[in-house]
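Each in structure tokens, the structures are laid out below.
Next come two complexes built around chain A: one with chain B, the other with chain C.
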Partner chain A sequence: MSYSAKVLSLLENCGATEGDRIIVETGQKKMEGILMPHHSFSNPDVIILKLGNGYNVGIRVSDSTRVRLIEKAISKSMKRSEYAPQIERKTISVIGTGGTIASYVDYRTGAVHPALMADELVSAVPEISEICNVRAEVLFSIFSENMTVQRWQALAEAVADKLGEGVEGCIIPHGTDTMGYTAAALSFMFESLPRPVILVGAQRSSDRPSSDAYTNLIAAARFAVESDVAEICVLMHESPSDTSALIHRGTKVRKMHTSRRDAFKSINAWPIARIHFEGGIEYLSDYRKKNGNRVILKKEMEENVALLYFFPGMSVSKFENILREHRGIVIAGSGLGHVSSDMVHSIARAIRSGTTVVMTSQCLYGRTNLNVYDTGRDLLAAGVIPGEDMLPETAYVKLMWVLAHAASEKDIESMMRENLRGEISQRRELDE
Partner chain B sequence: MNSEAIIGLEIHQQLDTKKLFCSCDSTLVDLEGLTFTRRLRPTQSELGDVDRAALAEAEKRMKFNYQAPRGVSCLVEADEEPPHDANRDAIEIGLTIASLLNAAPVDEIHFMRKIVIDGSNTTGFQRTALIALDGSIEINNKRISIPTICLEEDAARKIEIKTGEVTYRLDRLGIPLIEIATGPELHTPEEVKIAAQKIGSVLRATKRVKRGIGTIREDLNISIPGGARVEIKGVQELRMLPIYVSKEIERQKMLLEISEILRSRSVPEVTPHFFDCTEIFRNTRSKIVRSSISSGGKVLVLPLKGFAGVLKSADNRFRLGAELAQYARSKGAGGIFHTDELPGYGIDEVMVATVRKTLGLEENDAFVMCADLPTKVERILEAVALRANYALIGVPEETRDPLPDGTTAYSRPLPGAARMYPETDVKPITVDVELITRIRERLPELPESKVKRFVSQYGIHEQQAEQIIREGFEEIFEEIASKWGLGSIAAKTLLNTFPELEREGVGVYSIDDARIKELFQALYDNRFAKEALPDILRLIAKGIPLEKTIEDLGLKTISMDEAVAIIERIVEQRREFIEERKMNAMGPLMGEVMSQLRGKIDGKIASELLRKAIARIIGD
Partner chain C sequence: MSYSAKVLSLLENCGATEGDRIIVETGQKKMEGILMPHHSFSNPDVIILKLGNGYNVGIRVSDSTRVRLIEKAISKSMKRSEYAPQIERKTISVIGTGGTIASYVDYRTGAVHPALMADELVSAVPEISEICNVRAEVLFSIFSENMTVQRWQALAEAVADKLGEGVEGCIIPHGTDTMGYTAAALSFMFESLPRPVILVGAQRSSDRPSSDAYTNLIAAARFAVESDVAEICVLMHESPSDTSALIHRGTKVRKMHTSRRDAFKSINAWPIARIHFEGGIEYLSDYRKKNGNRVILKKEMEENVALLYFFPGMSVSKFENILREHRGIVIAGSGLGHVSSDMVHSIARAIRSGTTVVMTSQCLYGRTNLNVYDTGRDLLAAGVIPGEDMLPETAYVKLMWVLAHAASEKDIESMMRENLRGEISQRRELDE
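Entry: the complex of A and B
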């Protein structure tokens, strides 16, 4: 909600805008303070003032209310520390996609400003300049739920450019909601990757003293410089403690909690490494090493692909068209990879009309197996491709990429079942 | 002179609801639960001032361990989940208190994040909202303003402090607190006490505030003319407030006097220049100094030109040394020695004289010495030098911790202006006319009307009723009075026996309400007579169970027949005395009777039985 007409005209008439010092007077009641931005859940008739003691209060405006402007806001320029790159240090590229990986708080208005450029970033996170030189740029400024295939492609190009310039690695601050999808997309797009690309997020925003943004960012810089890993990875906290972060493989990682710092988990895989915040990196599984190869970027994607979540009672008539209209469909089926028998028939018809259908499991943990039950066998007979132990999201991204790059129909199935970027594992052990 | 002191009082009272931003129980527990470790990072302000940077440096290496017991902490306290909507109960209780204090509620409540990076809040900020403005109370026919009333979350409980590491428990974090601040309009210890009692009785009137030690905490802001604002933070015992106030006034006066003396001696600024005197003290009898040297430490000396006699005067009036020692302790020192107390503590006159001679000190000069690890000892003496320089000016602004003996100790510099920004995760709360009307219609009984009701309903004196409410006994009193009809005995016990016992050193005020109720239940059941109450209280204050107390004191009440038999026996033995003194024998004999029957039978009944027995003999 925004201001009511009454409030708007009061503010306009005295020329007051956010950050100005004003007096709001209703009868005997008189309050002086700084005009604050209107909160979306605030009553439309309420003006929010920051009082001299630092508190914000809402003041309801009535017909007899008068507003006076006392003083216009004085804009203060942010103090920046001089940033001078050092020759002996390696250079890291930081490519911003949104969210505030580092920020400044204006305690006068409560506004939170992101640190956008390298010098701002370094003055907000001075530790980073002891690890590497930074080249920072902001590619997009979006919430990660607004990520699109085009943006994956633009991001991949930016990464390819930076790696081509010879940076030691790329760090991509990313909103956490769809960070797993972006990591998978980049994984498939880079057929050859000489140095690491690390997506890093934060579950507590960087304006808070308890933010995990800083420790994660510093750990990412250390990992890019100190390790010899050259993969697309995701870096987040390992636990609620500020003691270590995990490096997850981009095709095996999923956000498994809405709010915890350790929301990201490697599913059906060990993480690649553990980074101790007080020093040291522990390697937990095999990985591709840094190399002198040229970057090969294959960024084409078939966008006419959908991801369906099966549920009991799923109506065939409603989904029949969806199945048929898409070039590819990934289903998160129940258990080993099942759907209702009604749906099996519908899927069979879609496959006959040219749709590629890949089956994954909503269990997330474990491998699909379409040999065990009748439904599974029927799905196989209908031409459904088992997604092995791929995450549904990874299979979705992979199918988009495979459909754009497979030479023939036959190739689609073999590419989907082949482990291209660490997305499929052959064996899993009991202790995982 | 006292009347010139300027004092503000800030009261923090826990509300008896679930937590403010989640539905955890707001109780303290003896469990550790799961633990995790965090660090906090001061976020940069655009203005990035220097002392903040220094603070960042200081806090950067601090490690915070958190204990998260089940039931009383959840993901919200662990800062692993955004806060839920603010607790409605807490808001309504807050607005009720605001109304009772004649304050005007704000139209919309906005929670703020107040930056606190000592680890006591997992988020690094305390959530706090201003809910009402411009309240007041009246004391001694004087209006004391209450400019602000806030609702905020309590901090985590400090469990352990180690170098570079603090452990907190999350049970207390998030308990709703109402914060009531008076204007700087109080001037005497007595006024502070009355204001605190008055506000306390208003809080309790809601019956929705937590009771018991630690559930209400008071901060005092005190300055005297020429002095400076000193904040005494976290007083838990209301009855100690006037003592802290008068001692702080004395302390500030002392510091002003010292600064005058130093000025009259034209004492120059103290330079933090230290002298290594390890060799001089190598063979001292002081165990502390010796063991410090042998474990690689050194003894550094800070000369204080012109400070002789003010560090600790012979009449103990000047005690600047203690202030220096508190600054030293804040840097991790075990202690320091200064010349006003030397020779002593195993440091002999020759050593002191050697130092004086080596450093060329004169009669009016003093020095402070400290033995510690080389890295630490300089930081310690730097703090001492800093504090010594404040003494030239007078009173330094600072935050002090209250100590159980009524004195205070330096804890840290006064915090700067609070850094606050909006808590965008919590929705603003509209305070509309309907809500305010509903609250005003359901206001609890005010202390003044409770006094009248107690007088008429339970037959106690008005002064007693007032005192009961002032001292916070209204709930327990009313329960005893209404349940067992023991109002006047309860009043007498709480108002007279308690202070008497307290003066004897019996910790009666720490006996919890449940045990007091148990005591009066037993009295009502005629398990003992009311005369035994002081003796029983002495024992149960030590934690001895009531049953055992009754047994140990031999208080099993006796039947009327037994009592008559005992009295008859006494009367027979003193027959001659009675015949001689007639009814006047009553007094002397009563003493003898009570020495055998105290606590076993009500004194009035014993007296009546004795009267009858004497009358019978006289009548013979």
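Entry: the complex of A and C
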């Protein structure tokens, strides 16, 4: 602990330690909750309480602050060293990768660091030990904007290993910035998956008031154990309130807000399930069930692929090299999947020189259709592959995977147009 | 008219011509409506009726089809040649640019062509003549993916001319693919605007059942005449049902669905107004009012600007030239406005060599914040300008305009960070 002398004496005077239920009174305010762990990055003058509603709140201690001990921690808040697996409970694997969910605010700079180890994270959530046994490890500690193909592959191998050891599911705390991309990458890499892999993030770091880190982690543990789903999925808050989380299919999910806790949305698909924080799982769409099959991991990816955003005024001459130098290109076109006429010519030349080009829509919602307008027909004639209703990000990840696994040029197109991992919805399923 | 002999004789036998109210019976079905104009692209065997609910429906004529005349057209359906401006009514200008709203389905190929002239479009909507006098002209007839900076400028000049002539407002039928970009471009170009400019599109061509072309055009005419708003705005359906349209601010609107009629959404802002098709305008946010100021048009744009989408796995070496060769770059980064560490270095080099770089978020919703994480701080240190809560598309258009109008390097940053045309919302206005 590196609390200030003021805080230390307050806690020592009433005999309170980490995990105990206490009341903190400052002026008119009185708050009751569980005393949360203090980390080196935390402000030394702040006590963090976990309230009854699941929120964490940071209270700055002043000279008039008083602290009372209500209840000593019981087994619920066992220290990590005392923590022994419970034989009768299922075991899940937690594979840390970094991100806000594993981050602490550095009180000196106000910046957020991915400083928390997976086991620290788990030990900060005593509720998890009532749900399952946990094997926690840290694979990376990065901001997710630094995810790479190699890290996707290392993560997939770690998941395959854990599933091979027989765990009931894998939980992957992950930065939210590129969590959708990683979920899509794992989706394509696992051709056979017997149990669930749940990517879980947080939009508020775990020592901030209203952090979603703990509620999401607990929901992920419950979902891995209680549900019969065996998919790659993303778990995040359903709404700004603290009542439920959604399980999104890994190929259909996108971060749609920079900061809200309910930033992740299923696009052109229903989520797989809703997890009520008070208990209960509600299934919202079809899914693949837990099974006894062995894990099949195909992790090869063609890295020479790019995602290009079309915009009016795009300079064909400047982007010509980008088109030609990549083995594959996914374009986020306008509307039904369009680009300007001069870009059509440029794309046609790139395709003749061996680039595979897939068209998606920057609208995100809806389906590409290259049959309606002349522009689309010209693109089809040039050999562009329609991305159906795939997200641009998912199509990008899929193209990397398909280029590494297709047996022939023809195979590339048929694999891109086929629904391999729930990434393409059936036509009209979700239309008006 | 180029109806088939079968259709011609049915219409002639009952004395029905364009604009008349008729009943068409085919087998069990009986439909009453106004006989719509027939165009060279229309199927010669199909009669198009405008139903009471505003929908158009195409009825294929068979041998058992019967047609009855209910009511001859009165002044409501005056032929274009008979159309004389009404002095007491306000005059609006309709400047056609092409797009689905001005398109007809070619029955031979099923493709959609932007074949309809603005005056044909207006004459197909007799209701408009009850609202205002119309001066219609066609400026372009293109698919909007072929919009260019030069066309934005030509359009802005045409608008300035018409406003100079004293029209009550301009309506611009426009393809939906890049309507948001054009609306943003006009927004920045008009430094002073006395009356409204309304871009209006359709997701279904005007001869299809459930076309939104006519309802949107009528709503635009009503809004230009009845409201006191003087902004560049976009008008489209509010929902899939045919009950209301929304007026979106030109700098805050984005096409969010490939095909739905309610595809356009205001992002990080409330729409300006709701127009009920049954009558009535509801104001939803603050707006600039009609005024007596003269038009100030500043149409210069720096064309050497690009919009780049960040994705994990992005090859720094391949995109290095794109960064350096453009005078300005808007990046749609991940989350709060992030890119991978190696892209940060590449961006820093580009900025040192004279490129202006603005950061937005591919989440679309929410606000960039480069102060929270190390990546953001590094970007700020490199000289990246935060795009606040601007759409990537709006920031792209704004950067083109700012680079052409800023007096100095320092001015570029301050103009990009200032709210010039409603493109930046106040902090927290729309947060959770």
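Keep this in mind: the second predicted complex is superposed on the first by the 322 of 432 C-alpha atoms of A that agree within 3 Å, B and C clash if a C-alpha of one lies under 4 Å from a C-alpha of the other, contacts with A are read in each partner's own complex, and residues count from 1 in each chain.
Everything that follows uses one rule, which is that a residue touches a chain if its C-beta (ideal position, glycine included) is under 8 Å from a C-beta of that chain, and two chains touch if they have at least 3 such contacts.
Predicted model only: the values in this text are computed from it and were never measured.
Engineer: Under the stated touch criterion, which partner chain does A:375 make contact with: chain B (first), chain C (second), both, or neither?
Structural biologist: Only chain C; A:375 stays clear of chain B.
Engineer: Who does A:146 touch here: chain B (first), chain C (second), both, or neither?
Structural biologist: second
Engineer: Taking the superposition as given, does A:242 touch the first partner, chain B, the second, chain C, both, or neither?
Structural biologist: First partner only, chain B.
Engineer: Which partner does A:341 reach: the first (chain B), the second (chain C), both, or neither?
Structural biologist: second
Engineer: Where does A:287 make contact in the superposed view: on chain B (first), on chain C (second), on both, or on neither?
Structural biologist: Once the two structures are laid over each other on A, A:287 reaches no partner at all.
Engineer: So, A:51: does it touch chain B (first), chain C (second), both, or neither?
Structural biologist: first
Engineer: Taking the superposition as given, does A:190 touch the first partner, chain B, the second, chain C, both, or neither?
Structural biologist: Touch partners of A:190: none, neither chain B nor chain C.
Engineer: Could you figure out whether chain B or chain C reaches more residues of chain A?
Structural biologist: It is C that touches the greater number of chain A residues.
Engineer: Return first, second, both or neither, reflecting whether A:332 touches chain B, chain C, both chains, or no partner chain.
Structural biologist: The second partner, chain C, only.
Engineer: Scan A:401 for contacts with chain B and chain C and give back first, second, both or neither.
Structural biologist: neither
Engineer: So which positions on chain A get touched by both chain B and chain C?
Structural biologist: In chain A, residues 110, 112-113, 240, 258-261 are touched by chain B and also by chain C.
Engineer: Along chain B, where are the residues that touch chain A in the complex?
Structural biologist: Within the complex, chain B touches chain A at residues 36-48, 75, 78-82, 104, 106-110, 112-115, 117, 122-125, 128-130, 133, 148, 150, 417-422, 424, 427-428, 430.
Engineer: Where on chain C is chain A touching in the complex?
Structural biologist: 110-113, 143-149, 175-178, 181-182, 240, 255-261, 263, 303-315, 318-319, 321-322, 325-326, 332-341, 361-369, 371-375, 377, 392-393, 396, 400, 431-432
Engineer: State the interface residues of chain A toward chain B in the complex, per the touch definition above.
Structural biologist: Answer in residue numbers: 29, 36, 39, 41-43, 46, 48, 51, 53-60, 76, 78-79, 103-107, 110, 112-113, 123-124, 203-204, 206-211, 214-215, 239-243, 258-261.
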